[in-house]
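Each of the next two complexes has chain A plus one more chain, namely chain B in the first and chain C in the second.
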Partner chain A sequence: MSLLDTVITIIRVLFAAFIPVCFLAVMVWMERRGCGFIQDRSGPNRANVFGFRLMGIVQNLADGLKLAFKEDVIPAHIKYKFYYVLAPVIVFTIAIVSFASVPFADALVLGGKSYLMQGIPTDLGILWFMAIVGFAVYGIILAGWSSHNKYGMLGGLRAAAQVISYEIPLGLALISLLIVYGTVNLTGIVQYQGQLLFGFIPMWGVVLQPLGAIIFIVAAFAEANRVPFDLVEGESEIVAGFHIEYSGMKFAMFFMGEYVAMFTSSAIIVSLYFGGFQIPWLSTAFMVEHTRLVVILLMIALPLLAYLVVGWIRKNNRNRFLPRESDPDVFEATWYIRLLWAAVILLELVLLIFLIIGAGGAAARILAACLQVATFLVKVTFMCFVYVWVRWTLPRFRYDQLQRLGWQTLIPLSLLNIFITGAIVVVLS
Partner chain B sequence: MSIDIKTVERKGGTPQERVYLVEVFKGMAVTFGHFIRNFLDNSKLYVRHYPEVEPEITARWRGRHRLTRHEDGTVKCVACFMCQTNCPAKCIMIEAGERNDGRTEKLPVRFDIDLLECIYCGFCVEACPMDAIRMDTGIYALTGTERDSFVIGLNELLQSESPFTDEEYKKGSK
Partner chain C sequence: MLVDLLYTCFAVFSVLGALGLIIFRHPMNGAMSFLITLISIAGLYALLSAKLLFALQLIVYAGAIMSMIVFIIMFLNIQPEELPAEKTKVIYLVGGAVAVLPVAFFLIKVIKRLPNMPISFASEGFGGVKEVGLIFFTEWLVPFEIVSILLLVALVGAVVLAGKREKNK
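This part shows the complex of A and B:
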């Protein structure tokens, strides 16, 4: 292995292992502030470090510290302590590992070698995800069973009932998608979506498979145990369901597992249906050939974007309720604005280097990869927001309603979708 | 007398509603409207920013207790134990003593209220025949670092003033 191989492997693993965990903070924050805004309240915005509140992200730090320093309680009535401890580990590990096959940039060609930019550079792709993610429900069932609690048991039972109603439509929706793409490799799938339909529509999965996309997204919501299919938790009915007997860091593992699973399934949805790392109308080859044009566009767009964000910070990061001579919130805002402009200047300098180096070389490819990573993360963040958005819009499905939806609606629809897709593919080829 | 039957219109039967997705998107449009409005300008949130903006308290709001006085400054309480007897939380402790100012025979020498026990139900106010105990101080936030500081005695109760006038307090009561 050359040095380059090692560096690329380290980057891949770091990305696949740490980005989902880093996004935890962003997603918990997005959930709490987002639901606050949806319900016309402000959400957590008071916790601060030296007066810096980071729009409420510091609250996560406080919550995390609190959970980490809590006593690690195992209730006395629990018989099988091993399974009780194992359950949160399964949920969290599965959620992280299932992200490993998602590509976050196009295959990077450096030094005549092509590197797949995914945690584990394998061709298994979507099969890896399907194989791994199915295990998460065992963690939940195990937690419900080993808690030896009626609510926990009911939560575990519901998880078992839920898994038979969503896994099949999930798989069937995927089959029709695979008929279209002709590959299971996620990098290949996303590269396919970089083409243009009729020369101007990006050939995203959602354009080719609108029905399949709806079925897959609905099933993915059920798979991530999110509203409207969070009947495993059902706090209004069965208190907290499967994690009722868990506290402290073991509860935090379930909590983090849920959010990482949400991140992973957003990444999968984005990769399969919303073009993954592809920037619409800007293919990798185009970016590598026309680096100067891309860089100039970016150098113009960045300050404009920063200007808008600065306006937003000035408008919102001040205290309207207690007019003061020197408002600490305004002081805080001026620092954010300075940091933002510093970041913009730094980025402009980096882009200037790329502008000087120009097109064609390794630098151009790295720049393209960086832009694709950014695009991927923006898309995934938006998809995560959709999860939050749906959670604070819809009521929970009842257990039989979910099964009826799964068996009587989603399975026939996905079978129909397979037939239509198959017919069209046969006719066109 | 016949029972009046009202038929409630059942919703959710139209084909558009049975597809469910259309209604989901409608609902999501509503919530997104709220989100984006508050996100772009957070002054539109319907919340009171509590420590900076304090709630408006009306005269009939049950806050911390106080003992009232006659015009000449003497204590209205006659130590009849009505409030102590009526208290469901058993947080009032009265000790009666002899009264020499000519108004009645008894007066409280000790009148302790354990605010940690108190459930702020206002039964003591209703039970009092002399209108001697009231909960109109408007004090709603009580904090302390030790339990003992929450047991308030006669002096504290007598010293507290009400921010409201008598007319405001008696408005609506008969």
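This part shows the complex of A and C:
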């Protein structure tokens, strides 16, 4: 292994391990503030460090500290302590490991070698995701069973039945997609989506497989046990479902596992149906060839974007009801704006150096990869927001409605979709 | 070196898991130790560069079938006092071990007698999704379809059996 191999491996593993965990903070924040936004209230915005609240992100830190320092209780009635402790570990680990096969940039060609930018550079792709995600149900079952509590057991039963039955439409929707792409390798799938349909529409999965996309997204919501399929924790009926007997860090593991699973399934949805790391109309080859053009466009776009963001920060950081002499909100906002401009200037400098020194092959490819990582993260963030959006918009299904939707609507629809897709693919080829 | 280590780990764990399935009294313990066996076997497939088989082992056996079994164990919620008293278990275990011992010696001898052949590594793309699919749908199409009919028969049989019980009520 050369030095380059080692560096690339470290980058891959770090990305695949840390990005889901970092997104935890973003997503918990998005959930709470998004919920507040949709319900027309502020959401948590008081916790601060030296007066800086970071739009409420500091609240996560406070919550995390609270959970970490809570007493780690194992209720006395629990007989199988090993499984009781193992369950949250399984849920959290599975959620992170299943992200390992998602590509976050196009295959990077450096020094004559092509590096797949995935946590684990395997061409198993979506099969890896399916294989690992299947284990999440063990965490739920073990938690429900070992809690030795009626509510916990009911929650575990519901969750397990739901996850097992929604895996079928998920897999069937995937089959019709794989017929179109002709590969299971996620990097290959995303590369396929870089093409253009009729010369101007990006060939994203959602364009080629609209029905499949809907089925997959619905099934993915159910797999993540999110509203409208969160009967698992139906508070009004079974209190909190399978995590009723958990507290402190063990509860936090379940909580984090849920959000990481949400992130992973957003990443998979984006990779399969929304072009993954592909920037629409900007293929990797184009970016590598016309690096200077891309860099100049970026250098123009960055300050404009920053200007808009600054306007937004100003608008939201003032007290509308009580004009004060030295408003702490305004003080906070000025610092954010300074930091933002500093970041923009730094980026501009980097880009300028890049422009002057000249874009060699390797540098251009790395720049393209960085842009693709940014695109991927933006898309995934938006998909995560869709999860939040749906959660605070739709009511919960009844249990029989949930199973009927899975077995009587989604499965026949996905079978029909496979049939139609197969026919079209055969006719067109 | 790493491969040898992994191989030893997977082999040991698969045997230990199978042992646990027989020895543990509570069905949940048995199911979980069997799960370890299934995962270790998937690891062995991966070491043999049979990628698709690795994924399928995890998806179908470890992911789907075992989770169904564990689900049923949870559903029945068996308490330790409801389990049958297995008084003859030790006798069967020891007797079985004694009966299998000569076979094991024989197998070890056979393996030691194997001629020392040069090891050839699997070619590029061996065991991938495409290669296995091509073999299935060209050379082994008829057996493949017959197996799928077998599965269909089992499925219909299960539905018929489940339906009959409903009528008797």
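Heads up, the rule we're going with is that the second predicted complex is superposed on the first by the 422 of 429 C-alpha atoms of A that agree within 3 Å, B and C clash if a C-alpha of one lies under 4 Å from a C-alpha of the other, contacts with A are read in each partner's own complex, and residues count from 1 in each chain.
Note that contacts are C-beta pairs under 8 Å (C-beta built on N, C-alpha and C of every residue); 3 or more make two chains touch, one makes a residue touch a chain.
All values reported here derive from a predicted model rather than from experimental measurement.
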item	value
Chain B versus chain C as contact partner of A:Phe321, first or second or both or neither	first
Touched partner set for A:Trp312, first chain B, second chain C, both or neither	first
Per-residue touch tally on chain A - higher for chain B or for chain C	C
Partner chain in contact with A:Gly144 - chain B first, chain C second, else both or neither	second
Which superposed partner A:Arg41 touches (first chain B, second chain C, both, neither)	first
Contacts of A:Thr393 with chain B and chain C, given as first, second, both or neither	first
Touching partner for A:His77 - first (chain B), second (chain C), both, neither	neither
Residue ranges of chain C in contact with chain A within the complex	28, 32, 35, 51-52, 54-56, 58-59, 62-64, 67-68, 70-71, 73-75, 77, 128-129
Complex contact set, residues of chain B against chain A	21, 24, 27-28, 30-32, 34-35, 38-47, 49, 52-53
Chain A residues within the chain B interface of the complex	34, 36-42, 214, 312, 315-316, 319-322, 389-390, 392-394
Chain C contact footprint on chain A (complex, rising order)	80, 83, 122-124, 127-128, 130-135, 137-138, 141-142, 144-145, 153, 156-157, 160-161, 164, 167, 184
